[in-house]
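This structure is in structure tokens; I'll ask about it shortly.
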Amino acid sequence: MNKYIYYPGCSMEGSARAYAESLSQVAKILDMELATVRDWNCCGATEYLSINLIPAYSLIARNLAIAAGQVNGTNELMAPCSACYLNLEKADYYMAERPALGEKVNEALAAGGLHYKPGSLQIRHLVDVLVNDIGLDVIKSKVVRPLTGLRIAPYLGCMVPRPDYQHRWSDHEYPLELDDLMHVLGAEVIDFPLKTDCCGGHMSQIAPETAYELIRRLVSEADEYQADLMVTVCPMCQMNLDAYQGEANRFFGTKYQMPIVFFTQLMALAFGIDAKSAGFGLELVSAKKALARIGVEAPAPEPASPRRKPDGLPMPPHRRKKYASGREASDEKIAVAE
Amino acid sequence: MTAKPKFAMYWAASCGGCEIAVLNTHEKILDVDANFEVVFWPVAMDAKYKDVEAMEDGSILLTLWNGGIRNNENAEMAHLLRRKSQILVAFGSCACEGCIPGLANLSPLNEIFETAYHTVSTENPQNIHPQVSYPAPEGTLTLPTMNPVLKTLAQVVDVDYFMPGCPPESHQIAAVIDLVIQVVQGKAELPPKGSVIGCGDSTVCDECPRTRNVKAITAFKRIQDVAPLDPELCVLEQGVPCNGPATRSGCNARCPRAGAQCIGCYGPADDVIDYGARLITAFASVVDAREPAEIEAILDGIPDPTGQFYRFNLADSLLRAGKGAAMSRPNAITSGGKP
Amino acid sequence: MIENHKPKIGVYVCHCGSNIAGTVNVDDVRKWAQEKLGPEGVVIARDYKFMCSSLGQELIEKDIKELGLERVVVAACSPHLHEKTFRTAAEKAGLNPYLTELVSIREQVSWVHTDKAIATEKAKSLVSGTVQRIAYNTPLEKQKVPINANTLVVGGGIAGIQAALEIANAGFHVYLVEREPSIGGHMAQFDKTFPTLDCSACILTPRMVEAGTHPNITLMTWSEVTNVSGFVGNFDVRILKKARYVNEDVCTGCGICTEKCPKKVIDTHYEAGLGYRKVVYTPFAQAVPRFPVIDRPNCTFFQKGTCKACEKFCPTNAIDFKQEDEFINITVGNIILATGYDLFDAGRVTNYGYGRLPNVFSSIEFERLSNSAGPTGGEITLRDGKTKPETVGIIHCVGSRDKNFNNYCSSICCMQSLKFAHIVRERTGADVYEFYIDMRTPMKAYDEFYQRVLDEGTLFVRGKVAEVTNAARYPHEKGKLIIHVEDTLVGKQRRIPVDMVILSNGMEPRHDAKQTGQTFGISCSSDGWYIERHPKLDPVSTMTEGIYIAGCATGPKDIPASVAQGAAAAARVLDKILQKEVEMEPIRASVIEENCSGCRICNSMCPFNAIAFIGDLKVSRVNPALCQGCGTCVAACPAGAITGTGFSNEQIFAQIDGLLMTV
Amino acid sequence: MTDTFEPVIVGFTCNWCSYRAADAAGTARVKYAPNVRLIRLMCSGRLDPAFVLKALAGGADGVLISGCHPGDCHYIEQNYKALRRFLLLRRTLKGFGVEPERVKLVWASAAEGVRLAHEINAFVEEIRKLGPLNWPKWDNQSGRDLPADIEPQPIEEVPA
């Protein structure tokens, strides 16, 4: 029994449900005990650290402090999401590296009766754990339905192997752990050259055209290699490449249909789990055709929810408009402006 | 009265073994009586301090002093006998280098009293703790005051000769007595002042008959764990920490010959600056390992290195002797980094 | 020790211009020494602008003569710089040189501290330490040991060959040991040499032949030094001569065995993995010696017990499958290490795709590719062996000047890359891009060569290449290797599609440099290169007397520099040989036999076997000719029966006292 | 001027590596704490534990021992002997009530001037934290040099 303290992060409960579901299946088969961090909170994702360090680190360190309190036979904290993993590791590293920062963070934590001593947890990413702890041999031994014939583009994204504070990865630019893992599942693994390139990240929110280009690069390259699907280890990569693939296609006038799935989904399939339980059917670019190549029937897609109107309250009028008009806009006008 | 030279012997902080050793010279003791007038020897005859005080300074030819200086009575007597004696001999390990009583220097006085009077090995139902003075109906009774540390005789008064051993071997005592008698009779000369007498000038190994080889020690063991000890081979080479290599000869390697390790009672050999340091370096040098963890594992076989290396010599060790110097250093704590 | 007589000591404090006086109050130190150290024997204390100047030295000499000084303490720079200067000066005035000591108040005080008051106090305490110590210094006489005139040169690359030839030509015997089957080293693999574009083999092979036939050179290839003991003048060296399975006495080097050998394997060594060789082989046509070796792990006979084609066809019956490795012991007076370098493994820079992308080549691969004796006969082609490239990118500083790999500059890569560019353009007419960080062409005629390559139309892009990829973004990139780089002169990111990429990978210390260093008793810097005795003034000597280093063993170098170092090391060795004797520092241990009880603790202390146990007398004895003066046995003796000259217990105890004297 | 404790440290260096490292630090003008006073030995193997005891007894608050890295000894393997003596010495010091951390062994090659400077700074800080080498206040007199006419003065009266 391999024990880990498990930090799920928000994606696992939202957009990356397929990741969460397949992971729980895989963990069961591989005899991994995952003890979820009690009352965990947001890791701050990719944005908060660039805004204000102390509260951002405090936010992360709260999870570390709680997890450290949960140490029971293991001090290994595992996160499947790249951003969560990086943030947790970063906080642990910089709290030790910059004692002044560590002190301030602990001061903040003290308000909640918490304290975190940097270095008391080992922070690991799921792929690292699977390849280096569980081991490829064990994983191979659990394969009952080899993915023979399935061409896979393994894609890690930017945050998992870099900066790799604890030197856990074979290489930062071209790590082969995920390739090896897919290989033992029996799949045909392409030597995907863009495995650590950017997926576009939050550019899809603030500069969609930039994101589209980044998405196009990845998807077109996988297509060039005639991959049946791309596997990813990161909820954000999955989200960007899957949800915005259509937009990118429209933008460039292309017709890529590259399914983007989590690597755990393929593990689950290979371990003999049915496609639905492995989280298939949740993806937007259907993996149906790809799965058919290995004789797996993909579940019917969930009925798409009707497209909703934008959430929330109406916006105030644009400030520039206000000054351009040279007069104060009345409250009523604001209310009806949208 | 005869014109025989006067002889004294005194027993300070020590076990009394030295006195037994003198008596163990058997008929030789008669030579002492024949050649000397024993004027003061509390363990053998009745005498009062005031009798000594009444003597003329320098009137005693030879005083054998055994024991360290533990309390103010010892110190007072040391000064007194120094004044009264022409030749003052630090007799035995306690007087020379502190010996077992000197090990108490590793603990502060209150701890020593605590251990002596209030630990489980002491039956003390009334929880008695001794007082310096006691107002008895007949008048105030006083006891000597303990000094903070035990000192060697030479740390308190000028000493003419040192005679090591715990106790000094009887044949060595006999030889020294013979020598003094010959000197008295004008047939021999005294050795230079400050000499160590009644012993050899090399180390125990010199008198040890065991075979020695190039040493490489892979484990230190207690002697009872080496069974059976090879009777022909160097004890140290068998992993038993034997202090012989650094210890002065003179005992005729009594312990190694008897199948036990030398524990160092004859003290440092000539040219030895710190007895313990010599053993630290000698033992560590022949440890057969290079990795710190391996070395530590081998060193674990010497559970009490301080005791092993300073059992007899602590009160006279470099570190002990230097403590005063360290204390008197004008202000080690300087301000603003200005030494 | 010094009963009632304190020797007369003179203290001299150097200003070293402002080097010392800028941080240490020299006047204060002098006054203090005069007053406070008077009771310790100081009779005169002076300060002077430059003690090491001839006027400064004369000052000391004059005082020795006029004041009858018995000891001299000079507070100046490190003893490693000027100890000899002052000892010689004192000796001129009639004082035994070992009665003069230097106190380092420059390297250890003025240069490393800033607060003048603190620095001055520290200087005083250091002076005090040495004043106390020097009272116990004794006059010593240098010992002389004869020098064995034979020399061992390790490594048969161009530096080693040069060194061996220089010494051999001077009439002394040299053992040249090389672990490959042939001498020649890396230079034998190259096609052209920069900047003259000489054919590498054409200029190298005459030297190889000379070394191979020189009556004063014993050539030992396919051999390795396994053990070295002894010291300058008399090193005992054990050499492993690996079995060649060819009897060198009868082999004529006709090559029939190679021709007839039915098995080919990839030649990862000489051909850098681009070509093949037979199992019984000489690495290249001009190999010296010409005897082949049998590659035992690949030989069909050794694997399966059959074949023996080579044996059957050998006209002189030189094949000897029963040959075994043997050890040869030699004695030499001096050793030159010219062990060279390893090429940086370009595959470590994963973003350049070496080993993954077929048309990415390492520098040594390109050397073989362009070599007319190479696998393509000098045709420059892509990995398919046919296609000529139309565009070639050459990337500089692969693994060098990169904190992820090696911080140092490999010094030859700029010139090597220029040479590649020239060859590519000359032979294929392809467009060539050079991607460089800085161009470094400082030696004779190097920059002119750079200009020439510029004029030939090679395109230079200044910037560190981010990656080499086959992932095309645009149609024109399809099927190409795309070099992604920030062009720092234009200020833009560029993607340059090429057919072929050549990585100018740099040099690394030999993978076993540390181990070799330990065999010879020399050490490596943190980068792994051997440390010179002095980086500027003594670049071919090491801290170990009698061991010299030349060529790339000390750091990246080009051919002229390696040759110069080989010759320089040889000159140093000849200097030693011609002196016939070597002066040894008289720092020695000796046993006071009356105090020695023969416990034999010290017997295992000496790695030079200088301590012998005299069974009859039950004492140990130090052989002064073998003693190197480390003092380990002195510190180990439990009876205090071993003394060490120059660093006696009394000296060190007194120095401790002095250092801790209240200042 | 602050009241920080400035420890006095005696350092023993090997002629071939750490003494040269100190030279290298000097040549490179690397600044470090002025608290260490170096003594040059030919080899760390020359280090007699008595030197360390002498330095501590003489008023040093710490002792730094430095030699070539394991395997790099100029005299082949003597630094291993230094290591063994150092380890046993530390154990013995502990028995004396002296913090073993006051004696530190540092390997530094001739090229490691900067590292040696860092190690010195770190050691000075460690000793600063430990404070002065305060012998338990049992005794205020030194050894054999005691004039015969001075009576020993007990610091505190405890009955015997």
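Worth pointing out:
To keep things simple, chains are lettered A, B, C and D as they appear, and every chain counts its residues starting from 1.
In this text, contacts are C-beta pairs under 8 Å (C-beta built on N, C-alpha and C of every residue); 3 or more make two chains touch, one makes a residue touch a chain.
It should be emphasised that the depicted structure is a prediction, and the values quoted were computed from it without experimental measurement.
For the pairs B-D and A-C, the larger set of C-beta contacts lies at B-D. Averaging C-alpha coordinates per chain places the centre of chain A 76 Å away from that of chain B.
One simple way to say how far apart two chains are is to compare their mean CA positions; for chain B and chain D this gives 29 Å. Centre-to-centre, using mean CA coordinates, chain A is 51 Å away from chain C.
Chain C has residues 115, 118, 122, 125, 605, 632, 635-636, 649, 653, 660 in contact with two or more other chains.
Shared contact sites, meaning residues of chain A that touch two or more other chains, are absent.
The multi-chain contact residues of chain B, meaning those touching 2 or more other chains, are 273, 278, 281, 285, 329, 337-339. Looking at which chains touch one another, you get A-C, B-C, B-D, C-D.
Those residues of chain D lying in contact with chain B across their complex are 1-8, 34, 48-50, 53-54, 56-59, 61, 70, 77, 80-81, 83-85, 87-89, 91-92, 94-98, 132-133, 135-144, 146, 148, 151-152, 154-160. Contacts from chain C toward chain D in the complex involve residues 78-80, 104, 106-109, 111-115, 118-119, 122, 125-126, 129, 514, 517-518, 521, 523-526, 531, 543-544, 587, 605, 607-608, 628-632, 634-636, 644, 646-647, 649, 652-653, 655-657, 659-660. Only residues 69-73, 75, 79, 82, 105-106, 108-110, 113, 130-132, 143-149, 151, 154-158, 273-274, 276-278, 280-281, 283-285, 287, 289-290, 292, 295-296, 299, 302, 304-307, 309, 316-329, 332-339 of chain B touch chain D when the two sit together in their complex. Residues 201-206, 212-216, 234, 236, 244-246, 249, 269-273, 278-279, 281-282, 285-286, 329-330, 337-339 of chain B are the ones that touch chain C when the two sit in their complex.
Every residue of chain D that touches chain C in the complex is listed here, in rising order: 8, 10, 16-17, 19-20, 22-23, 25-27, 29-32, 34, 37-43, 45-51, 54-55, 58-60, 68-69, 71-72, 74-78, 81, 85, 109-112, 117.
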